[in-house]
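Dumping the structure here so I can ask a few things about it.
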Amino acid sequence: MARLTHLNADGAARIVDVGGKPETARKAVASGRITMSETALAAISDGDAPKGDVLAAARIAGIMAAKKTADLIPLCHPLPLETVTIDFAFEQGALSVTASAALTGKTGVEMEAMTAACVALLTIYDMAKALDKGMVIDQVRLIAKDGGKSGPWRAEP
Amino acid sequence: MARLTHLNADGAARIVDVGGKPETARKAVASGRITMSETALAAISDGDAPKGDVLAAARIAGIMAAKKTADLIPLCHPLPLETVTIDFAFEQGALSVTASAALTGKTGVEMEAMTAACVALLTIYDMAKALDKGMVIDQVRLIAKDGGKSGPWRAEP
Amino acid sequence: MARLTHLNADGAARIVDVGGKPETARKAVASGRITMSETALAAISDGDAPKGDVLAAARIAGIMAAKKTADLIPLCHPLPLETVTIDFAFEQGALSVTASAALTGKTGVEMEAMTAACVALLTIYDMAKALDKGMVIDQVRLIAKDGGKSGPWRAEP
Amino acid sequence: MARLTHLNADGAARIVDVGGKPETARKAVASGRITMSETALAAISDGDAPKGDVLAAARIAGIMAAKKTADLIPLCHPLPLETVTIDFAFEQGALSVTASAALTGKTGVEMEAMTAACVALLTIYDMAKALDKGMVIDQVRLIAKDGGKSGPWRAEP
Amino acid sequence: MARLTHLNADGAARIVDVGGKPETARKAVASGRITMSETALAAISDGDAPKGDVLAAARIAGIMAAKKTADLIPLCHPLPLETVTIDFAFEQGALSVTASAALTGKTGVEMEAMTAACVALLTIYDMAKALDKGMVIDQVRLIAKDGGKSGPWRAEP
Amino acid sequence: MARLTHLNADGAARIVDVGGKPETARKAVASGRITMSETALAAISDGDAPKGDVLAAARIAGIMAAKKTADLIPLCHPLPLETVTIDFAFEQGALSVTASAALTGKTGVEMEAMTAACVALLTIYDMAKALDKGMVIDQVRLIAKDGGKSGPWRAEP
């Protein structure tokens, strides 16, 4: 049966040893979205106009969360990230986020991109929850992964 | 137009003043799920059998993340949480999580429950991603909220 | 001779016991500024126009730093902040910041306001340092303090 | 017009990609000071005599803050610091601090030195504020920077 | 059979609900020691003489660790500590530490005192390990606990 | 007299400069134990049976603490750990822990292994303290160290 690499032969959790792996350029992109009422969506767009603090706060929160990934996810390696970006797009009844992270290292940055996307969405939930408690964080997933032994990976559309 | 409480009249972000609000018993419950292949799901169930480290790791990660909420979400108040619980359930092609948090205080704990749910799901993603990179975190939302001036709130089914 | 309350009779550092003090409404306001070239100042104003990410990033950084004060300043008590705000103003050859913090508690929030002001200014330094490494953080000080046994205090003009 | 490297073409904040830069030996030195009453200055000197806890606490706080820089300043890269030092000097009516940081890496350590200096000064403010609330943190700036493509930089005297 | 309060009826970890407990004055004292060679012990005493940075660093580390307890120990409640103190004593072939913590709250501060003692001892290990890698951290235990429903508790001598 | 490397010639604490050291494969193993009553020991074994959350929580806490070492121990360098493992063994009247850490770098990982062991033991104390407040953390020490200029080191049996 398929085994989980984060567990040893006895089933105990561990941080997998990446000491023998070569350093390669690695990148990951994750995306996700939060569905919300038109009222909440309009308030965010509007709040975004003059000073940009709604999406700016979510962007900063996502970037900072990428740097906290190893502190949040128990078995993640601490990684010297070389770049993190967060982009938002308004959709019909939803706001979507795309987060990317990259570094030159021995292990990938999927979790950094996934964590950045989740925390950016949670921040939007926080800022709009007084208007709509029923918002739903949805479709958070890895979109692309490059570098490392396994090479490029793309999510199915 | 509806206004976002986390922005002042000029649109600048702030931590909203809750100094004048009374302390009441507050509770929040959030849920979410992660869809995955049968192979990944079976590896988690199996890994769970002897030592329980897969779900145990995700549960601990979620609980610790609840305590880090104010450090992750820029405009959240730091809160003295009185309890946090995380439960998992295996579903058809998915694993679901329910997170609850409570305290006696001046503001609610929705973000703590939402953050706990997200980080528990991210931890599962991390531990199973070698088997299935296409897993999707889905349907993360508030289920119930009690306490405070606005009283009880339940998500629509 | 005047003694430092953070040292015991032997000169050893400690977190001063505030257990016997009553909870009162407390507030503190700190300010500071960063001097910079007209080029850097113009780039910040301009960057601020469309999306607001320069000052927004500094504002979020200052707010989050206020919540980290007890983690940064060794002898500060961990405090359940009830509000934090950060405001900026463009001056001749400088950008100034005003930070305020408040809570109902047994000890004051001067350090939270001071820390928020410093970290907001450091963030501006970081974002503009490619244009001007000679920027100077200046005049960071407490402006006002309210609550507690000692009552209101105002800085001399 | 001069552009801020921390913003993309749309003005959105990001962690700048340093993946393509070579690793070089980098060092930065920052300094700053805190002005205070003779009473406060004497209490610190005196407190420093037997056990050294005043300046020792500020030194440890500054060193630890250097390591937290990427957690405080939103767009800073997490960096594997190779050394951090903090020195103090008593001046007329003030206490000055000099902080240095160094590493072999793809980006500089100016923010680590600046952050260490600010937090050391904030710690002194905290420990002496019962004697003098009017202390002012002043003249925090970069003194020297070495390494990287731009080469050595020195502050104007 | 005796049950662990940190596990629910199914054996799953949780943060125990203290919402229904009254706030009382609580205090805990923990102690421990680190055995080391006479050479290491002498270097610490000597290093302690002029500037006090060895024990001062360990003291500050212990105090700051007490404030991080809920971030380190998964099922601890975040607590608004009202005081923390750390004391050292030189013994024959060892250095001992006593840590105390107190607050007015719904749950005790044993873990804060225990964590402060451990991290103070780890810091001493770190600073002296170039002289003696064989140092042993020993006898870390709770000495006294006051407050709460169970009332005063003292360790057996 | 032997000097402490973490202090400069004046006795002031610093993070020692490792910039000139070569990167080598480094590993460290630490162990320790916690003595407890048969009742507490049985509750942990029993609690461990169905879901494994007791030792799993302590294992996760130890692993996460290894990653926080530089944030806890003032003069430790931040290190990109490549692996961390934690193992437990039931003994007569005690539970023992062995923690290992490794990386390819300029400085060793002794403190990461020691910190992981201590925090794993503290977590067990926390989870069992309702049954036995008299548990004692004992014999925490370095067992083995490999890599670096000084080469392999083993604790005396």
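Order of writing sets the labels: A, B, C, D, E and F. Residues in every chain begin at 1.
Here, contacts are C-beta pairs under 8 Å (C-beta built on N, C-alpha and C of every residue); 3 or more make two chains touch, one makes a residue touch a chain.
All figures in this text were calculated on a predicted structure; none of them were measured in a lab.
Novice: For the two copies chain E and chain D, is the contact made of the same residues on each side, with over half of the numbers shared, or of different residues?
Specialist: same
Novice: So chain C and chain E are the same sequence; what rotation in degrees superposes their CA atoms, nearest 5?
Specialist: 120
Novice: Can you tell me which chain lies farthest from chain C, using the average of the Cα atoms as each chain's centre?
Specialist: When every chain centre is compared against chain C, the largest gap points to F.
Novice: Based on CA centres, what chain would you say lies at the far end from chain B?
Specialist: Most distant chain from chain B: D.
Novice: Distance-wise, how many Å sit between the C-alpha centres of chain B and chain F, to the nearest whole number?
Specialist: The mean C-alpha positions of chain B and chain F differ by 30 Å.
Novice: Report the inter-chain centroid distance for chain C and chain D in whole angstrom, where each centroid is the mean of the CA atoms.
Specialist: About 15 Å separates the centre of chain C from that of chain D.
Novice: Indicate the residues of chain B shared as contacts by at least two other chains.
Specialist: 12-13, 50-53, 56-57, 59-61, 64, 68, 71, 74-75, 78-80
Novice: Line, ring, star, complete or other: which one describes how these chains touch?
Specialist: Looks like something else, not a line, ring, star or complete graph.
Novice: Using the touch rule from the top of the page, what pairs of chains touch, sorted by label?
Specialist: A-B, A-C, A-D, A-F, B-C, B-E, B-F, C-D, C-E, D-E, D-F, E-F
Novice: Within the complex, which stretch of chain C touches chain E?
Specialist: Going through chain C, the ones touching chain E are 8, 12-19, 70-71, 74-75, 77-80, 105-106.
Novice: Which stretch or stretches of chain D touch chain F in the complex?
Specialist: On the chain D side, the touching residues are 25, 56, 59-60, 63-64, 66-68, 78-87, 102-104.
Novice: Using the touch definition up top, name the residues of chain C that touch chain D in the complex.
Specialist: So the residues of chain C touching chain D come out as 1-7, 10-13, 32, 39-40, 42-44, 46-47, 49-54, 56-57, 60-61, 64-65, 68, 71-76, 110-111, 114-115, 118-119, 122-123, 125-131, 133-142, 145, 153, 155-156.
Novice: Once bound in the complex, which stretches of chain B touch chain F?
Specialist: 50-53, 55-57, 59-61, 64
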